[in-house]
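Remarks on the structure that follows.
Labels A, B and C are assigned to the chains in the order they are written; within every chain, residues are numbered from 1.
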Amino acid sequence: MMVQCCRGMLTALLGCLIAFQAMAAPQRVVSLLPSSTEVVCRLQACDRLVGVDRHSNFPASVQALPRVGGLGAWSLEALVRLKPDLVLMPHDPMLAQRLQRLGLNHRVVDPKTLDQTAESFVQIALALGLPAQQGQALWDAVSHDLQQARRAVPQPWQQATIYLEADPSGYVAGPGSYLGQLVQALGLRNVVHVREPAYPQMSPEWVLQAQPDWVVLLSTLSRPADQRPGWQQLAAVRAGRVCQFTPEALDVIVRPGPRLAQAAQLLVGCMHSKGRP
Amino acid sequence: MHPPALWLAVWAGAGALAVALGLMLGATGWEPWWQSPAAPLLWDLRWPRSLGAWLAGAALGVSGCVAQTLFRNPLADPYLLGSATGAGLGVGVMWWLSLWWGSTLVWSPALGGFVGAWLALALVITLARGQVHGTPLILAGLIVSVLLGATLSLLLRTHPQLMPALQGFLLGQTVYLDHQACLQMAMVLAVGVTWAWWWGPQLDALSLGDDLAHSLGVNVPRVRRDQVLLMSALTAIAVAHVGLVAFVGWVAPHLVRPVLPQASRWRLLGAGLAGGAVLAVADLVARVVVAPQEWPVGIITAWVGGGWMLALMRRGQRKGQA
Amino acid sequence: MTETLLQLQEVSAQVGSNLVLNRIRLQVLAGQWTCIVGPNGAGKSTLLRVLAGLQPVTGHVRFKGHPWSAWSPRERASRLAWLGQSQEEDGDWPVRDLVAMGRLAHRDRWGFASPSDEAYVEAALHQWGLDAWRDRPLRSLSAGQRQRARMARLTASQASVLMMDEPVANLDPPHQADWLAWAKAWGQGANTLVTVLHELPLAMQADQWVVMQAGQVVQVGSPQDAATRAAVEAVFDDRIRLESHSGQWVSLWR
């Protein structure tokens, strides 16, 4: 009788605690970064999303959500109308100040490196009122898939040098950038050694002299490598070791989110299909 | 020809109407804020934005009027003295600093813009060796604009992640205006307009030529210096909060020129009211035309201003041929 | 004994990199019409600007015994009015507003005109026959009417010292005669007039001539004196001759 009573009280207490935590946890979340959107959904909180930014398109269920603009062009009114109790935003001081003055709860989650991406999973979990372990577990799963992708890199191309072009005007993903660290996690070497800034603009001559093993073009606007003047000098171009991706694939590759292992697999898949020793 | 006071009332009324409509129109078209479930937030969002747009437009209009008087040139606009580029660079530097110190932002971007504008002016005055008139000043302003613009471009090149956000600023945006911004702009505008109105008759005399003004008892160097300060203060506060909005400062004095008397006092008031109305309407259009998205308000003013300039040119050509 | 109104001592003036006036010593007496004559480039306009306190100089310029810097702008403007040579920037102003600017030094702190200011403006408009054109912009008037409007601005100011640079240059002979009539009538009182004139027959009506050449004052004297006239003929390289015909002075080419 006593035991039953105590068990009952304990259950009730636990239930209260869980309910209390659920009440404090934000229920109306607006995500302003595609990577944050993906993290929220992977943490099983997709139903709490009430609005996303213009570029968030994964998973498919978020495509039906109201849009509140993109970086540099927010639709504040649309955001405010959603009455969010949590806004996951990128680094934007003006927006942060405005949200603060409006009294809206906001959190800046804008990972720029692989380490920051790992942190972001935990930060978003905590912001959602979930235990930190859930975020950590998500990262562990992603990290495990990343290791698998690393082992899948074809034998001749382990430790290969890779040239990651982020922008047709010559911006390259250096070792200080998220993409640079991703390829480093795959065991590949970045042909650029400049750590700061993260996306240096390299001279075209330098590229021709550096002779990377692989050329990866990360912008849909990039001219095909074989059509560029002087690029026939690159052994990689002559051998066809140039990776270009569809816009959907690029979405996966450039976002520092839970699909980063898939991004790595896309890169490795390209190496398998194009690389012949 | 209607009496001038009537025209002032027309412009004031147009501005008031635009601000009132701004409270009613939103991301989904006609939606008075009280009818929305997010009423208090929408009110907090809309009134500073509409009023702030009017205040910034008024500041730019008065500044443009002073610029055209200072340089005795109807093509002059308030950005000539480099204050706009200085403000842009100031905002960019603030953003860049926030990358290191986090976005909780001890310093506001608007403060950076304001300080940047004044530093640019100081540079211009130094370059022009204290000559506060005519060609040396314009030349110095151009040089400083180019130099600071290049510095800003360099900042953006080395930190391309600043680009999308700063782009909004460079085009002119009213989306971040809050009650503090309105307060600051209102204070500077009040002081500025009072000063300009006080010195109205002296500014009139100055428009006839430095020698004549001097002979009429005007302290020419001091009034000129004060004109430059006024122009810079108004431009700086407006640009700090709404970015580099195109054409408002240039077009506002031209809108009132045909219908108001020559005297500075009328022109300044008219340009202020017209500028406020123009930017308030442009803000409205920017919000509504592609709702729920928005365009930066500077695109609207650039089209209107460019179109007006074109019409003015055609009219001038026809007159020249006649 | 006429008092000295303006005194120049060792005055040199530079315009750009040119030394336009070279160590001038001059006295202008009150209550007279003084005319500065001489060839082009002699520095006449610059001398007039120095007298009006518009030109920075080395040396001393004293108005009623005090340097110009000791006079406040309002005091200076209420005593001395100046009309320059080229006045193209006033085209957009209505006549009445331009004339009213002559009263600028008399307005109150807030820049408002008093009833007496209005009265002077009306009187000046009437005196110069501009009532019908009071609201018209200056550029819509003829050259003669424009000049009359500018003269009205000077008379509205009620200044007792007027300085004019080529006041009749764009006027036809009848209007020049009108101007002369006004100048003689105006000079009757204790008023001082200082002009730069190229029209020597007109200048013959002045009380005093200041003959200039190459930045120097060559001769000061009455045009009735033969010596003064000889000095003028000399600075013009003897290419002119001043002769009297039936009481009227004319300037003939040699």
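Here, contacts are C-beta pairs under 8 Å (C-beta built on N, C-alpha and C of every residue); 3 or more make two chains touch, one makes a residue touch a chain.
In this text, all values refer to a predicted model and were calculated from it rather than measured experimentally.
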| item | value |
| --- | --- |
| Central chain (by mean CA position) | B |
| Interface with more contacting C-beta pairs, comparing B-C to A-B | A-B |
| Approximate Å spacing (C-alpha centroids) for the pair chain A, chain C | 81 |
| Approximate Å spacing (C-alpha centroids) for the pair chain B, chain C | 43 |
| Chain A-chain B separation of Cα centroids, rounded to whole Å | 40 |
| Residue ranges of chain B in contact with chain A within the complex | 26-28, 36-38, 41-42, 44-46, 94-95, 98-99, 102-105, 108-109, 157-161, 163-169, 175-176, 178-180, 287, 292-294, 296 |
| Chain A to chain B touching residues, read off their complex | 66-67, 69-78, 80-83, 91-98, 101-102, 104, 108, 112, 167, 171, 197, 199, 201 |
| List of chain B residues in touch with chain C within their complex | 72, 198-202, 204-205, 207-209, 211-212, 214-219, 261-263 |
| Of chain C, residues touching chain B in the complex | 49, 52-54, 73-74, 76-78, 80-82, 84, 87, 89-90, 92-94, 97, 101-102, 104-105, 107, 110-111, 137 |
